[in-house]
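Here subunit A shows up in two complexes: once beside subunit B, once beside subunit C.
After this line comes the complex of A and B, so read on.
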């Protein structure tokens, strides 16, 4: 049985996927994950999840974010004056995220 | 047991005190070193990648512990080659449990051996927490910090191996073979020196007390798993105990193996790649 492993480097951060382990049950999976995924990198906490319990949807089935122009989602679409610094920052993050989706 | 006064540092011990400290350290260091040597034989041969990594990691821990104890023996003069690579095989104090070879593919053996050893290790480290010799006392916590995993690892495996008849029988076969050798963990080196170790407060429990505590822990645990333990008295001890410098023939082969490279390369000293433990404490 395969268990996907998620590692959190510091308290409060997200657990991010880092690999998997073969183990017959949760207890053994945690024990193996501790060595295989926690011994060399900074680790505060590990999660193990049975691979078959993970749901997935990918680009074959979904158009993430839609296919039409959604610029009304951007805060500055509604602004006719110079934007506050925080708004501009937020917007540039969104623009960057949009680019990473490959829509530009 | 005499009330324990604090012993001075390594340079101010009497000859008798020094002999007691050295003997205690050799018991600890040699056990860890030799068992780690055996564990590493499972590298790339364990049943799965995960179990391979876990046992290799445990071996690395034990080597690290051996290093902490050998380092304290270096306080008295000998260097690493004299303590390990050039020491005659007839001058090693480890328990015979640590030196026995594994049957090929018999995973039940390293698991059971680790359980028997680590359950004993837990008890003997507790008895060093209040050692009258500060150099030992100060390093106990660091070793204990890595031991919990070893015991958990062994028990998790044992409980699963004991669930089915075929694998339980393999554990039973290993138990019948290892049990007498496990008794040597608490066997004396020289009776008089062991008594001195207790009287000086170097450890706070005698070998007999620790052996009793260990048996009260492991016998019921193994029986609950459906295993039968032939729990005799002192007669359990095999003819060679390791502690009294007598060893099985397998030890000579293992010693030849791990010292071969040192001899073949004509070495006279050991390369240091890590900081002295005192610098990182």
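After this line comes the complex of A and C, so read on.
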């Protein structure tokens, strides 16, 4: 039986997927996870989840982010020189936000 | 804290809800932020009909996003005002519906035609953004914090407004003429956006002393003219002869105040201008029409929160 493993580095952070282990039950899955995934990297907590319990939807079935092109919402889509300093500041904040989208 | 201590400590983002602030400060800040919040809402209502009248799908999407943003700004600002503990958000919305809440002069005028939209979306929003950028330094921290998000979004509004102006001024001769006419009508109102010159302003001294605002009407008007007059000229708009504006040659200007209609301005300031009354009533009808939604949400909240009050603004 395959168990997917999620590791949390520090208290309060998200558990993120880091791999899987083969084990007959939850207790042994946790033990193997501790050995294989909690030994070398900083770890505060581990989750194990039976692989068949995980649901998935991917790009073949879904349009992530919707189908509408929302570039109209960004100042940088309008190719005019910013009228004033504060308009330019807002635009660079938006450029930054667009670049970082999905990173959080 | 007494008022002298407030003046001594006053600085950018210096005061927050954990400070014990005198009533005079809390009332002045409430008046200022409530005015700002009301203006966001009334501006959105003025522009709302143009979502339907937008000439293309792109414009419709962008205009709708912008109007939605402005309503959001209003909500952020009511929260910043609410956290002063003087008035609740509901009280402020009711005051606006009853014609007691004050808001920007420009949003009391009717807007009938698409050619007028860049007057708000480029010039008035540009003027507002100039002012809002300086309010990131306001001493009431929740207000300055709200300005971070407002200014983040506002760059899109101003540039979208500029795109509409560009489109109209490179369109048919008829479009160019109508846009020029709209500009002539709106220009004095836009100049009055910044209020009377400093020697006539009533509220500035106290607000400046306690750090609520950091720039005077004249400084803001100068900065606006320096940035937006060249833009207007670039797109082929002619600046009207009146009000006379003297360029002092050192990035400052003098506006001949007698060329502006201050009777109308102060009639508007009292919510006594007829078209403005129409705008107020129009929004009141919308507020009344969704009363049942607020009631449903309130009773839902009370059932699940055991009747406790909603959390204060974060």
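Basically, the second predicted complex is superposed on the first by the 70 of 104 C-alpha atoms of A that agree within 3 Å, B and C clash if a C-alpha of one lies under 4 Å from a C-alpha of the other, contacts with A are read in each partner's own complex, and residues count from 1 in each chain.
Criterion: a contact is a pair of C-beta atoms (placed from the backbone, for glycine too) under 8 Å apart; a residue touches a chain by one contact, two chains touch by 3 or more.
This structure is a prediction, so every number in the text was calculated from the model and none was measured.
Chemist: In the overlay, answer first, second, both or neither for which of subunit B and subunit C A:93 touches.
Modeler: second
Chemist: For A:32, is the partner it touches subunit B (first), subunit C (second), both, or none of the two (neither)?
Modeler: A:32: touches subunit B, not subunit C.
Chemist: Would you check which partner chain A:43 touches, where first means subunit B only, second means subunit C only, and both and neither mean what they say?
Modeler: So A:43 meets neither subunit B nor subunit C here.
Chemist: I want to verify the contact counts: of subunit B and subunit C, which reaches more residues of subunit A?
Modeler: After superposition, C is the partner touching more of subunit A.
Chemist: Which holds for A:84: it touches subunit B only (first), subunit C only (second), both, or neither?
Modeler: In the superposed model, A:84 contacts subunit C only, not subunit B.
Chemist: With the two structures laid over each other on chain A, which partner does A:8 touch: subunit B (first), subunit C (second), both, or neither?
Modeler: After superposition on chain A, A:8 lies in contact with neither partner.
Chemist: For A:72 in the superposed arrangement: first (subunit B), second (subunit C), both or neither?
Modeler: second
Chemist: Which bits of subunit A are touching subunit C when the two form their complex?
Modeler: On the subunit A side, the touching residues are 68, 70, 72-75, 78, 80, 82-91, 93-94, 97.
Chemist: Spell out the residues on subunit A that touch subunit B in their complex, using ranges where they run on.
Modeler: Within the complex, subunit A contacts subunit B at residues 21-24, 27-28, 31-32, 34-36, 39.
Chemist: In their shared complex, at which residues does subunit B touch subunit A?
Modeler: Result: residues 48-51, 53-54, 57, 149, 152-153, 156, 160 of subunit B touch subunit A.
Chemist: Note which residues of subunit C are touching subunit A in the complex, please.
Modeler: Where subunit C meets subunit A, its residues are 58, 61-62, 65, 122, 126, 129-130, 132-133, 151-156, 158-160, 162-163, 166, 223-224, 227-228, 231.
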